[in-house]
Amino acid sequence: MTAGGRNRVSRSRREARAGLAFIAPALALIAVFFVIPVVAGFLLAATDFDIYAVGDPATTRFVGLGNFATLLHDPVFWKALGNTFYFVLVGGPLSVAVSLGAALLVNARLVRCKGLFRTVYFAPVVTTMVAVAVVWRYLYHPRFGLLNQLLALAGLGPVNWLGDPRWAMPAVILMAVWKNFGYNMIIFVAGLQSVPATIYEAARVDGAGPWQQFRRLTLPALRPMLVFVGVITMVGYFQLFTEPYVMTNGGGPLNATLSIVMYMYKQGFRWWNIGFGAAVALVLFLIILVGTLVQLRLQKGRE
Amino acid sequence: MAAGDRPTHRLATPSIGCRWGALAAGALAGALLAACGDEAARKTKLQFWALGREGEVVQKLIPAFEAANPGVHVEVQQIPWTAAHEKLLTAFAGRSTPDLAQLGNTWIPELVALGALEPLGGRLAKSRVNPRDFFPGIWATNEIDGEPYGVPWYVDTRVLFYRSDLLARAGVKRPPRSWEEWRNGMRSVKALPGGEHYAILLPTDEWAQPVVLALQAGADLLRDGGRHADFKEARFRTAFEFYVSLFAERLAPPLGNAQVANLYQQFADGYFAMVITGPWNLGEFRRRLPADRQGDWAVAPLPAVTETDYPGVSLAGGSSLVVFGASPHKDAAFRLVEFLTDARQQARFYTLTGDLPARAAAWDDPALAGDPKLQAFRTQLEHVRPMPKVPEWERIATAIAEAAERVILGNQTEDRSLDQLQIEVDRMLDKRRFLLDRKSGGGGR
Amino acid sequence: MRRWPALVGLHLALGIVAVATLLPFLWMLSASLMPAGEASQWPPSFLPSRPTLENYRALFHRLDLGRCFLNSAFVAIVSTALALLIVSLAGYAFAKLHFPGRSRIYRALLTAMVIPAQVAMLPLFLLLREVGLVNTYWGVIIPALAPVFGIFMVRQYALSLPDELLDAARVDGAGEFTIYRKLVLPLLRPILVTFGVFSFIGAWNDFMWPLIVLTDDRKYTLPVALANLIGEHAQDIELMMAGSVLTVLPVLLLFLVLQRTYVEGLTMGGVKE
């Protein structure tokens, strides 16, 4: 072997050693603090590990799929499931639509101070959800809240936003959309800017109106972004927790804002039905997985 | 390699320096924070969890204890009632329980079943705390299988707080004595002219009110030694129907605690004329209601189902002081328990909070004996019924409130709601049934 | 000209959305400066009658929120610093260092991203309990130190580093760690700043996990303290608003100062997916 060859071999071995060493801290952390708990979660979901077991593990019983059976028979679980889907299927598209609208506004050619508007629209995204939920809890107050005052100016009656089972979830959705429309907007703006203005010029010369330009030019250009934004938003929205926790003390009127994660938190960390809570978490995982695959499949089908 | 090939080297130092600098700053801050906490490291540090308003106020009593016990430093952590049960269980599950805590006496069976509390029989025998000084019904709530696990700190029961001026204006001459009289009185108050108002506030997310009504009707709530739910029987149904009808008639607003912006403000405004609440609100009402309203409110024992049974029973509630089994300072913690349950401290605590002393002797203190509003509580305390002493009580009580909420706020019928409640609670008691049967199957009981 | 109506209409729409976006914050600020009870008066007022700092004083003196502010700062800074180290090492290694199983491990990590954190939470709590990390700052910090999304970000960026530079350093006899420290880190600076900002803001705003892990109110981070406050002080709107302002201000300021980097980082992640 030539000297260069020997160097190359020892170099690649050195590189390999370094590579493994560099990823070791991350992998160790992920293994210990994520992989092991996830596996344990699967195991716990098959037991009735609860607060008695926390004190005395010998009282644990193996229940196989029993937790899932209980889950399917619990009307509160179905309510939580329904609420979460309500939030995702209404809030998700609404959030994406508002973000797209804002992106189109901000990106329009005639706009001055683009940066300023972008900053303003993005500000709610970085703020702490708890603080925002606290503020909106008071904005929604039936008597003194700002929202009902504005409605009164328009001559509309006061709405018991967080106390009425019909309005509680829409109230949460409105707040969630307000909070993160800026995030998706930024991504859309980047996508819009990747379309050169000359293409629009050509289309206008060809006689295409603004709506046709939008449908034929803008939307296709934004397709990859829409998929990304859609999946990210959906996954995030399925994990709804902080808003119901702060704004409606957990479940809301008639559990109208009880989400799956909130249900898991109550069962697991409030009542310490750990086995049952683990089962709920697995159901959440399954839902997110299926939802993601469905979205990706839909997008692939359209192409 | 030419020297000019690595211009980026210049940028290296500030960037890396920045990062390690941040790390060092963080570590320093952490060390400082840790150090600050260990100031009194040489003393015995007691962690004392106190709940709600008591948590804020008890801090005032601590200096006297620390003066009398120079080796001990007490750290009071104040926890809101709404989060207390959860935090206690979390602390137990996470092995981070405090040394001693204030505990609602309905939670004692639960924590004893988990093995979290230190049995106090031995320590009590050697101390100056005498069980006979306390209201017997209250002391009993602290005993599990004959062993005391807590010392009653203050007693709590629920009575009727009402706007005497509004009731008078509605033609209600005396506080109601029967459910019938009560309902008629509420209708009269509701019929008064004026803006939107109600007769009584019954927060839909509270379980105390429906449970009290059930106890008044004679329902047991559970049967077979707490193994099964018993919500479909006639007495519970009567109480449940009465409670729910108050909302159907719009005598009570369909609001939960979260939607009531300011209880005191709205009571003063006459938004509602009655509320069932406890002794801590004596102090709060005096503090928070405007001066010109202080003459317009009064307190009375609860009405009973029929007038002959007046006054109706109420909750045998209250808080006890408990010591946790995992505490490394049990003796010091017990000394604090003795101190706080001393008759003089109890009287002093009363003046600060309005909480009623569990020790009968403290009631003779002029501060209490001279207060007319306290008579209602004194009377009521002689008519209290305990709640089922099962560890699952907190969950069961929450489920009862939710069952009522489903009928009040939604359109579920009472039958469906009670069916669902029955099934839910039976399921909650499943583990208890299993453990009890296992214990008796082992030839123990 | 023909463009006037479009111009005005456009800016009007933009303005309305801006007002709708800012209104909650403005009310939050305004109410925090109101004396106690004024926010729940009838008829309600938008501006304080006489601005006062009493709510902020109460937060710091009576309720010890200054301590929670420091807790949040400590957790966020330490989290960010350590995560930067771990993530930059791993991201660079996945991009530029050849070792057996590299692509398989990386793909496994990416698929792990699909699993929501909630699946791990309950067992993770029990695990922390066994090692005595419940109710400690480290119990909050450690589980979040190796975010796969961060590794992804750094790797994407590191892929564009010139191999020749690295090879030249190797020929010069530099060890791998030295190459990382002296050559790679400075080159990664832009993405590290972006990730650092994400990480800091994320750690500052984190709610569910600190809520679960911390039981001692002196260790609470701001979001948990704020949620706790509402349990006892739901009636005191002005106080709660002051607490919200305190929680929101640092991340808002950080964002305003570093917004360009933050936004760049977002779009890079989105476009290059």
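A few points about this structure:
Labels A, B and C are assigned to the chains in the order they are written; within every chain, residues are numbered from 1.
Methods note: a contact is a pair of C-beta atoms (placed from the backbone, for glycine too) under 8 Å apart; a residue touches a chain by one contact, two chains touch by 3 or more.
Fair warning: this is a prediction, and the values are worked out from it, not measured in the lab.
Each of A-B and B-C has its own count of C-beta contacts, and the greater count is at B-C.
For chain A, the chain whose average C-alpha position is most distant is B. One simple way to say how far apart two chains are is to compare their mean CA positions; for chain A and chain C this gives 16 Å. Taking each chain's centre as the average of its CA atoms, chain B and chain C sit 36 Å apart.
Within chain A, the positions touching two or more other chains are listed as 137, 141, 143-144, 269.
Residue positions of chain C touching 2 or more other chains: 40, 85, 125-126, 212, 237. Residue positions 82, 90, 93, 257-258, 261 of chain B are each in touch with at least two other chains.
Residues 3, 6-7, 10-11, 13-14, 17-18, 20-25, 27-28, 31, 39-42, 44, 46, 85-87, 89-90, 92-94, 97-100, 102, 105, 109, 112, 114-127, 142-143, 145-146, 148, 151, 170, 175-177, 180, 201, 204-205, 207-208, 212, 222-224, 226-227, 230, 237, 240-241, 243-245, 247-248, 251-252, 254-256, 259, 262-263, 266-267, 270-271, 273 of chain C are the ones that touch chain A when the two sit in their complex.
Interface of chain B with chain C (complex): residues 1, 5-6, 8-9, 11-12, 15-16, 19, 22-23, 25-27, 29-30, 33, 37, 52, 77-83, 87, 90-91, 93-96, 257-258, 261-265. Chain C meets chain B in the complex at residues 37, 40, 70-71, 73-74, 77-78, 80-82, 84-85, 125-126, 128-129, 132, 134-135, 137, 168, 172, 181-183, 185-187, 189, 212-213, 215-218, 228, 231-232, 234-235, 237. Of all residues in chain A, only 11-12, 14-20, 22-23, 25-27, 29-30, 32-38, 40-41, 44, 102, 105-106, 108, 110-112, 117-124, 126-132, 134-139, 141, 143-144, 146, 149, 178, 182-183, 186-187, 189-191, 194, 224-225, 228-229, 235, 238-239, 241-242, 245-246, 261, 264-265, 268-269, 274, 277-278, 281-282, 284-285, 288-289, 292 touch chain C in the complex they form. In the complex of the two chains, the chain A residues touching chain B come out as 48, 50-52, 54-56, 59, 61, 70, 75, 137, 141-144, 160, 162-163, 165, 248-249, 253-255, 269-272.
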